[in-house]
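Presented sequentially are two complexes of chain A, the first with chain B as partner and the second with chain C.
What follows is the complex of A and B.
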């Protein structure tokens, strides 16, 4: 089974990487880009029967820095 | 309107970051993690009426390195 985890910076946390992308898109002539946030997506290939709670524990312990990042778990 | 872009390394391209995560999860005692791939997710806040073709152009020109990365666009 597979799980997909999205890790994004929380609202209000400065995202310089996203800001750089926004600026670069403007410089390339793409108008109307009002904001960009960049995060991580982690695709996990797991043993059958792994439950969502285990994946959430992985997020808390390793995948996300919960002080500044939020995460979403999706089992596929 | 918002668009979400997923950028992942293509299959067969070595993913050292994902490999490091897999190793670290094993070291933390999570068994059964068979593989990990790590990619980027970019959330764009766009002017109303921007179409998917424009977002794809952004991917081709800036957001993804199409030699080694594939991307998926999702309008939200």
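What follows is the complex of A and C.
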């Protein structure tokens, strides 16, 4: 089984990289991009039966820094 | 004063830190991150700058979970002293020994230059030899020095007088111009500027030397 973890900067935390991407899109002529937030996706190959709580524990302990980041777990 | 400087794969300021402590008169050993215990009688742990584990995942994240960090936590829990510089500050934030997190610089660029700082609290062994409001200059060299914390954490840092260094001309977007903070017991310091790169005449700047001298004063000679 696999889990996909999405890690994003929390709302309200300025995302300088997302902001740079927004500017670059504007420079390429894409009007109307009002905001860009950049995050990361982490895919985990897991032993069958691993539960979501365990993956959330991985997020809390390592995969996300919950001071500035939020995460979502998707079991696939 | 007995010092252990921790070395991670990708640390690149460990020798500079060793040199600065030795110049101040400390007895220093270097400890590899895979160790689970510190040499006996260590007064202070130095966590040096660099790019531990290539800054993979987040700066400092992997290093903060390496075997030696259990011993670092225990040392700090016993009231031991810890100095984290640059990547060392990022690691201390990731271990939770200091609040907040270091993010990518506001203008996204790696910055390597000497910057003016103000000593905003002399109430710590690290800053006791400076004067309140004193302006000094120290080198910075980082890509992720943009200090961020929750409003509650900032309130606590301000209320407990734990912000000890601020930037005069904020280079990286750090909230409240924060360049260095201490723990509640004032024995753990994390700072982005490099005091160990400003301790001898050949560096062209000795503003950092007072930090190491202050620690010697607090912790005494190696055999004391």
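The working rule: the second predicted complex is superposed on the first by the 76 of 76 C-alpha atoms of A that agree within 3 Å, B and C clash if a C-alpha of one lies under 4 Å from a C-alpha of the other, contacts with A are read in each partner's own complex, and residues count from 1 in each chain.
We take it that contacts are C-beta pairs under 8 Å (C-beta built on N, C-alpha and C of every residue); 3 or more make two chains touch, one makes a residue touch a chain.
In this text the structure is predicted, and so the values were computed from the model without any measurement.
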Residue contacts on chain A - larger count, chain B or chain C: B
Touched partner set for A:67, first chain B, second chain C, both or neither: second
Touched partner set for A:31, first chain B, second chain C, both or neither: first
Partner chain in contact with A:20 - chain B first, chain C second, else both or neither: second
Intersection of chain A interface sets (partners chain B, chain C): 61-63
Touching residues on chain C, where the partner in the complex is chain A: 57-58, 61, 65, 93-94, 99-101, 103-108, 146, 148-150, 153, 173
Touching residues (chain side chain A, partner chain C) in the complex: 13-14, 16-17, 20, 61-63, 65, 67-68
Touching residues on chain B, where the partner in the complex is chain A: 6, 8, 18, 21, 24-25, 28, 30-47, 50, 54, 57-58, 61-63
